[in-house]
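Got some structures for you, see below.
You will see chain A twice below: alongside chain B first, and alongside chain C after that.
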Partner chain A sequence: MSSSFALRDLQRDLENKANDLGKHQKEIAKNHQLRKKYTIQLGENELVLKELDLLEEDANVYKLIGPVLVKQDLAEANANVRKRIEYISAELKRLDRFIQGLEGEQNSKREAMMKIQQRLQSIQAGKAKA
Partner chain B sequence: MEPPTKGTVTPIASLFSEEEARKAAIYVEEKIGEKREAMNRLQQFVDENANLINLVAKLPDQLHHNVMVPLGKLAFFPGRLIHTNEFKVLLGENYYADRTSKQTIGVLSRRDKTLQSQIRSLKAEIEDFQTEASFFTATASEAAEGLIEIREDYVEEDSSPTVLQSGAKEPSDLPGGETAVGEVEDDEFARIMSRLNELEMEEEQEGEDGDDRDEKHDSPIEIEEESEHDMVKGIRGETDHNKFMEQETGVSVPKKASGHSSSILLIQPRSKGKVIEVLPEKQPYKDIDDLLNQCIGPKTQYLPKDQTRGGIPQQNAGTWRDFQATSAVSRAKPKTNVVGQQKIESPIQKPEPKSETNKAFTGLIVEHDHNLQTNTHRQMQSSGSQPSKPVSRFMAQRR
Partner chain C sequence: MASSSSRGEMEKMGIDQLKALKEQVDLEVNLLQDSLNNIRTATVRLDSAAAALNDLSLRPQGKKMLVPLTASLYVPGTLDEADKVLVDIGTGYFIEKTMEDGKDYCQRKTNLLKSNFDQLFEVLAKKKSLADEAGMVMQAKFKQLQAAPTS
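So, the complex of A and B:
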């Protein structure tokens, strides 16, 4: 009787763990997506910076804000883009660390799940023998 | 699979099930599809970019263009394009810059370059995935066909075939080829030596006083011998004759094992295990040794010489190895060659008539045979004064 209790406990545990792991994986996937977006943005910003560097000093630069183009100073635009690149790189690094941590957690969770599964199987095997 | 240590046979199907391999292949194919899509998109951008460049290049040809301006989805109204050489170019990130047609073309062509490089990297990725996919499909088909993987670990064999091979391959006795075999040989040799040492110690204890006397007696003979053969002297002077004996016997045991099976029987009571261990190693030589009895003569002759000169067991091990190599070589080459290859051999010995040295040496072997016999006898009888006796007799014969 007690073994069946333990079995049920284990099964519930396993289920919880599986759900947890699923959530975790979703989160990881989300973060990966975010990371991808940031990398693309970084690439774009670098391109913009390159173009801005190529512009003459007196060139007119505009920024599209909502439906209107707002005239901007070239130096200002340049500084803005640089800042943006910095921000994105920092964000990417942070995301990388975050994802790494998540993956580590995921692995540990998976291991825990495997252990429970093994215990479950052994109990079931014992039952089958008995 | 008779010898279980030889290797393992695993059907590929057990390592990668066919289904799994197929799944992997399908997964990789999907990846390839995704990448292809991305590449197509990029290619589209490139095309659009090219069109745009064309347009931008054409626009300033005229001062103004009459165009239909779209108004909503359905309506158009006629309009005129003026300022045909002024563009607001999107640089990205919602930044626009005023540019002329030429400058715009510059911007667009730079954009084209980045797109091309992206396409190139994508192509490389696709190629990688394709090779992966082909590998998976190949594995799947192999698993389906029931292919097996035979894995055989390379083990350095301490049996004579390896010695033979290495000897044949590297008759010049290169250290690189020999080292691996040599190590194994060293082990064997060390074991034989330790066993002999033990026995020698026993004898020594049995007849200690007699030994002492004989050693004193030995020294004058040694000096005489030195003039004849440098070989023996080194060890004599350095170490007691007991050590010398054991070294020589150490060599002669396998020698006899190879040459004459009858003598093995004689030795067996003394160091049964060792001889038996050595025997299989040497047996392949047997017939050849018979054929090349003369060859063996000089070979064996300088063997103990090396040992005596070295005077150290480790070096003995080395010579032992050398000897084996040469024994392999001697079969293939004339005797003189062997002599030449053996660097350790003293130049004095080379010109010596073979038959004489041969005899001397065989005498030595026989003598040791005697030694062994007497030793065994002695062990049984445990008579005190005997152990030194065979040595002196051996000396006399040599002279």
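So, the complex of A and C:
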């Protein structure tokens, strides 16, 4: 009798863990998406910086603000893009660490699930024999 | 994973593992294909920009033309100076360039895209052959299983 209780408990536990893991995987996917977005932005900003570096000192640079083009200092634009690259790189690093942590948690959760599954199977096998 | 040594590794894998591997590689192939398509459209856009620049540089100053305001409304205008162009370099920044520099910009960008395209294409070819190989090994294993179901 007690073994059937234990069985039900284990099954419930397994279900909870599976749900948890699913949520976790969604979270990881979301962060991967975010990471991709930042990588694209970083690439674009680096292209812009390369282009700005090629310019002469007195070149005319404009920034699009809403629908208007506003003239901007080359040095200012340069500093702006550099700062953006710095910021995005830092954000990427932070995300990388975050994702790594999440993936570590995911693996340990998966292992815990496997263990429960094995226990369930062994109990069921024992029952079948009995 | 080097594709030359992977065949032997694949032979050792179970069907489930092979399936997972194939799915993973297929996913990567799709991703690469998307990237290649994006590069192709970007190249087409740059090419049309370069063509427009070329066209513009051939027209004399004061040339009469119709300027599109919307897709179906045009107003008459005359061409002022055509030796200064504004180039969108991304993230909201525009740079004033001379006609020559503008053409050079387009050329540089198309070259960059082309080299990226070639690199990606190579990777894609490798991944594709890897996926095919995984599929083939998987099929062979299935056949083996079906030939001897009760052994």
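We adopt the following convention: the second predicted complex is superposed on the first by the 130 of 130 C-alpha atoms of A that agree within 3 Å, B and C clash if a C-alpha of one lies under 4 Å from a C-alpha of the other, contacts with A are read in each partner's own complex, and residues count from 1 in each chain.
The working rule: a contact is a pair of C-beta atoms (placed from the backbone, for glycine too) under 8 Å apart; a residue touches a chain by one contact, two chains touch by 3 or more.
In this text, all values refer to a predicted model and were calculated from it rather than measured experimentally.
Annotation: superposed three-chain arrangement on chain A; chain B versus chain C shows a clash. When the two structures are aligned on the shared chain, A:114 is found in touch with neither chain B nor chain C.
In the superposed model, A:69 lies in contact with both chain B and chain C.
In the superposed model, A:55 lies in contact with both chain B and chain C.
Across the superposed pair, chain B and chain C both touch chain A at residues 41, 44-45, 47-48, 51-52, 55, 59-65, 69, 77, 81, 84. Contacts from chain A toward chain C in the complex involve residues 41, 44-45, 47-48, 51-52, 55, 59-65, 69, 77, 81, 84. Of all residues in chain C, those touching chain A in their complex are 86, 89-97, 105. Of all residues in chain A, only 41, 44-45, 47-48, 50-52, 54-55, 59-65, 69, 72, 77, 81, 84 touch chain B in the complex they form.
Only residues 88, 91-99, 106-107, 110-111, 114 of chain B touch chain A when the two sit together in their complex.
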